[in-house]
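The next part holds the structures, each set out as structure tokens.
Two complexes follow with chain A in common, the first pairing it with chain B and the second with chain C.
== the complex of A and B ==
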């Protein structure tokens, strides 16, 4: 673990997170045989949104205005709890995984309320679905973290922070093929697709409000608020991809921190390409089928939990 | 102790004075409010100072009032009242919230006539809660317990003109006496331990009786059915007191029973597992029923069942720790459970008070008629918002802290006991998964109640007209006066304080946790140092948490300023205000407020998912005018599955069985004469044989 680079674990995600959308969309474009939007499109979008004027619904209150701020701030706090390759996280304490999980609950709570604030059925529909699916996903996330806390170096793990849980994979262990981790990775991938509202859970590109979850909640957001929310969701995508990257790649491969970080970032990009491939080859699930897939993720984490005790 | 006695007597005096004079003289009610506030301030100061004083461990038994009691297992010269650490801990929320709720209640009932009996019962409830917590003698405990039950019964009956209320009060009265019956049996059973050591069967019967008796007061799931009815139909300040404090006294009673039982035996692992299981069932059952409610207060009441479940999970984890000699689990489990008692008292009172304001303004408890109240009553909405976030266990408020402790208890256990499959571990994992499910569902429920009641637009057009009219008349928000707002704001700030600076609770928790962990009577000095170590590590964790939360606050403020600057630039550049436009309506030009999502539609998908556990009764009636629909009405009602399938079928079976005996009493006089003759003959035979 290296502590010589302060805040690099915060700066890199803050700078690179919007790029992930570019990668996903480029992958999808290649699959569809299109040229596709530029890789940096999300940055242009954010820049444009920052220069747009404010506009609010007449039934909205301070909830929608405060919601965006809370969502961004809470996501950044979670970024502070996350390590980057072998650079330790900025804040870590015993049990901070709970803060990590519950900060996302705060994000979700504010998201639901912002959707309900404008008094439209569309947004309310999205809010209700968001709450429903999140309620199913939360046990899966916690169980996955519990499982992580039981494998790997126990002496280290008794501190129970995101920092140590994500560094369970060391180079020596890598080729022992820990079944627990092998099963956890697809479970986490499903959770990632759900939490960042990608196909097959949610369709980020559809124009049908009735089928959307995330996109429909932010229908009445505009300007700076929309920029904040888009940025926060891209950070969330970074956080979940980074968790999977930590579980796939040993944190300290070559000993050089800089190269480790580069490898980690590359892994995150590859995960985004995989997301793009999934999006181009899968159809969006019917809403009543979505719950089965989430329960599938829960079952996967449960199996990996059981394997961790054997 | 003298101070506590003084405040108790003051409260009793208040009760008497209000009963006899409050209807005659105007000034009596404010006067009694002042004196009761004084008595609670005294209680609070006393309990805080004695809980924080270092010598409390050595002189735990500051007994007073030695009166000979010889009934129910009390030896001669047994003290009537006693102070212990746990009682002191319970006195803190009781005294803080009693002050605030009393002030709120004064304003709430200000313009009502004939409140003398109400205030009498009210002060009796407050006094009896303190007395129950302090009582040492079993008989005195029972007397106070009974006063508590009866006075709250009369408070529930306050609006007795409604048939529904009378029914709820009746169910409450019968269940509370069922509980008292179990408690009396418990005292009788456990008192035999002074004569001879208890056999294992008697021991477990005792604990089971205690769980049933005290559990019925605190509302654990099979015996919870009185709670949602009584809490929903009582006046709001009373619901706040009952839901926030009285059910916690039930928890105290359970802890007290544990203390008397463990004075001889150590805690049995199986019993600890039963407590955890009951906690899990109450938590999940409570939150599932919460989900299905469309009535504000009934929703909050079911949520109390859920939180009691969390408290019992915490205590159960602590008991598992005691029985398996795992001190970390014991310390953190008890600390989490106790802190949740305090936290739940805070935010449940807050939510009931805010809901009370809403109900008193709108005169309805049905969520589907409300909406958009945030614009009409901003302060109430803000308080409800803080309460909703806290109760869902979301950072940075206090609900998160107590759930964090319970989670931490688990994580530390799994991390220190690697790869051993034990029976208790399965239960602990189940408890944690249950907590996760409860957390997710609670978030959903409180997002639902807050957004349906306070966000969007008013769903009932008549109500919107009426309230708009009221606002125009008074030219101020509908929050009510200062006496209504300030108590809520104080509770809000306490929730925030505990959330941002959780280490303030540690000095209050350490002594009660010590006396709970020491129940297992292992070598005590090493245990105490271990507990203190655990608390100091908690101290460092909590300080990092408060640092993180402060950073969060800093980020929020800086984003807020950023936004403010942007607004400033924009408005000066364009010389106009921020445009406010109608919500995007998808091209439909005549939207009505009734088209918004309602409470039932918000929860519909989730309820469908849990349809095996929630029994929904749907009622659709359509009136046809020859060929066309004229008027359609839809009504759905979610029934309590336990009331429906357990109590009702049980009740019907008893009724069926008893109906066989109606043949004996058939109303024909010659049969009755025959009975007398038979009886006389039997008596004669008996006399003859006896001689």
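== the complex of A and C ==
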């Protein structure tokens, strides 16, 4: 663990996270035979939104105003708990995976509340969907993180903090074909697609009332609020891709910290390309089928959990 | 590479491939996974038989007889028979299962948990490894849920086959103590059972225009 580079584990995600949407959209464009929007499109959008005013519905209260700030703040707290390659996380204490999981729950809770706050039945419908799917996904995330503690050295892992969980994996685990790890990676990928509302679960481009989940909740956010929420969602995408990158590539693959970080970022970009490929080749699930796929993710995490016993 | 680790991985894939049987409404997708399960069982059998040491050249030929037969029966002939049934009766979808998909998946997870504990208990009684026992019991349980929870007769055949796969997995480590003829007889037995079921389902669908099993109560008089 290298401590000579303070804040780099915070700065790099804060700067690069919006780029991930650009990569996903470019991959989808290439698959569809289009040129596609520029890679930096999300940055331009954010810049444009930051210059706009607040507009709030007459029926809304302080909740929608506070909601946006809480969502961004909670996501950044989660970023503080996350290591970047072999740079240790800024904050780490025993049992912080609970904080990690429930900060995301707080994000979702505020999202649901601010969706219902504007008083539109349309957004309340989206909030209900979000709440229902989140209820099924939450045990999967928690179980997946706890399962991670059984990979690697048990003594090191007993602190159950995100930092140690992600940093004890070594190359040896892959050479011995650790079954827990091999099943956990697809499970985490399903969780990533669900949490960042990507295609098999939710289409980020759709604005059709029957199918929206995430998009419908933020329909009444405008200007600065929308910028904050878009940014927080891109940070969430970074956090989950970073977890998978940590699972796939051991943190200290070469001695040099800088090269480790570069490899890690490259892995995150490749994961985004894979998300783009999945989005171009899969159809979005019918809404009543979404719960089955979430249960599938739960089954995968459950099986990897029991693998650590047998 | 540890042979034991590879075996655990094969068994886990085998268990995962069984879950769509109770969580999916289409019939052709579990059938494809059923072929995959046949391949996994073949690989698992090969792993077990290759570990035994052979004394005569005849022994080393015999090692490959059982895997080949499993490949033929479980990955080619039985899936083909089920596919013929599905096409003939147009049973591509289950419309309304008795136990809903979500509930049956949760039930299956509970069943897997129970089988893990049973595996630990039974492990002390026999020379079988605990993971083989637990995973085969879990697969038997999933097959049972598919038989109880579905109305579609094709799913019941597949549930029966899943149960049979589980039982087969449980008896596989004993194969070196058994003569080969017993394993072959079991395979032939299963093959005949599936053929009979296929014909029964086909004629039921011709007679009743449906293969939902609760319609069969009208057979009583």
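Everything that follows uses one rule, which is that the second predicted complex is superposed on the first by the 308 of 310 C-alpha atoms of A that agree within 3 Å, B and C clash if a C-alpha of one lies under 4 Å from a C-alpha of the other, contacts with A are read in each partner's own complex, and residues count from 1 in each chain.
Keep this in mind: a residue touches a chain if its C-beta (ideal position, glycine included) is under 8 Å from a C-beta of that chain, and two chains touch if they have at least 3 such contacts.
All of these numbers come straight from a predicted model, not from anything done at the bench.
Engineer: Is A:264 contacted by the first partner chain B, the second partner chain C, both or neither?
Structural biologist: neither
Engineer: Using the touch definition from the top, say if A:57 reaches chain B (first), chain C (second), both or neither.
Structural biologist: After superposing on A, A:57 lies in contact with chain B but is clear of chain C.
Engineer: Quick check for you: in the superposed arrangement, does A:93 touch first (chain B), second (chain C), both or neither?
Structural biologist: Touch status of A:93: first partner only.
Engineer: Give one of first, second, both or neither to describe whether A:291 is in contact with chain B, with chain C, with both, or with none.
Structural biologist: Both partners.
Engineer: For A:28, using the defined touch cut-off, is the partner it touches chain B, chain C, both, or neither? Pick first, second, both or neither.
Structural biologist: Touch status of A:28: no partner.
Engineer: With both complexes overlaid on chain A, does A:119 touch chain B (first), chain C (second), both or neither?
Structural biologist: A:119 contacts chain B only, not chain C.
Engineer: Mind working out whether A:309 is in touch with chain B, chain C, both or neither, as first, second, both or neither?
Structural biologist: A:309 contacts both chain B and chain C.
Engineer: Following superposition on chain A, which residues of chain A contact chain B and also contact chain C?
Structural biologist: Of chain A, residues 291, 309-310 contact chain B in one complex and chain C in the other.
Engineer: Spell out the residues on chain A that touch chain B in their complex, using ranges where they run on.
Structural biologist: Contact set of chain A toward chain B: 53-63, 65, 69-70, 72-74, 76-77, 80, 91, 93-99, 102-103, 105-106, 108-109, 112-113, 116-122, 124-125, 127-129, 131-132, 134-139, 142-143, 146, 149-150, 154, 157-158, 160, 209, 219-220, 224, 228, 287, 291, 305, 309-310.
Engineer: For the complex, which residues does chain B have touching chain A?
Structural biologist: Per the stated touch rule, the residues are 371-372, 374-375, 385, 389, 392-395, 400, 403-404, 407-408, 410-412, 414-416, 418-419, 421, 429, 432-433, 436-437, 439-441, 443-444, 446-448, 450-452, 455-457, 537, 540-541, 544-545, 547-548, 551-552, 555-556, 559-560, 563, 566-567, 570, 574, 578-586, 591, 593, 595-597, 601-606, 609.
Engineer: Which residues of chain A touch chain C in their complex?
Structural biologist: 175-179, 182-183, 291-292, 295-296, 298-300, 302-303, 306-307, 309-310
Engineer: Residues of chain C touching chain A in their complex?
Structural biologist: Those residues of chain C that touch chain A are 1-2, 5-6, 8-9, 12, 15-16, 19, 23-24, 101-102, 105-106, 108-109, 112-113, 116, 119, 130-131, 134-135.
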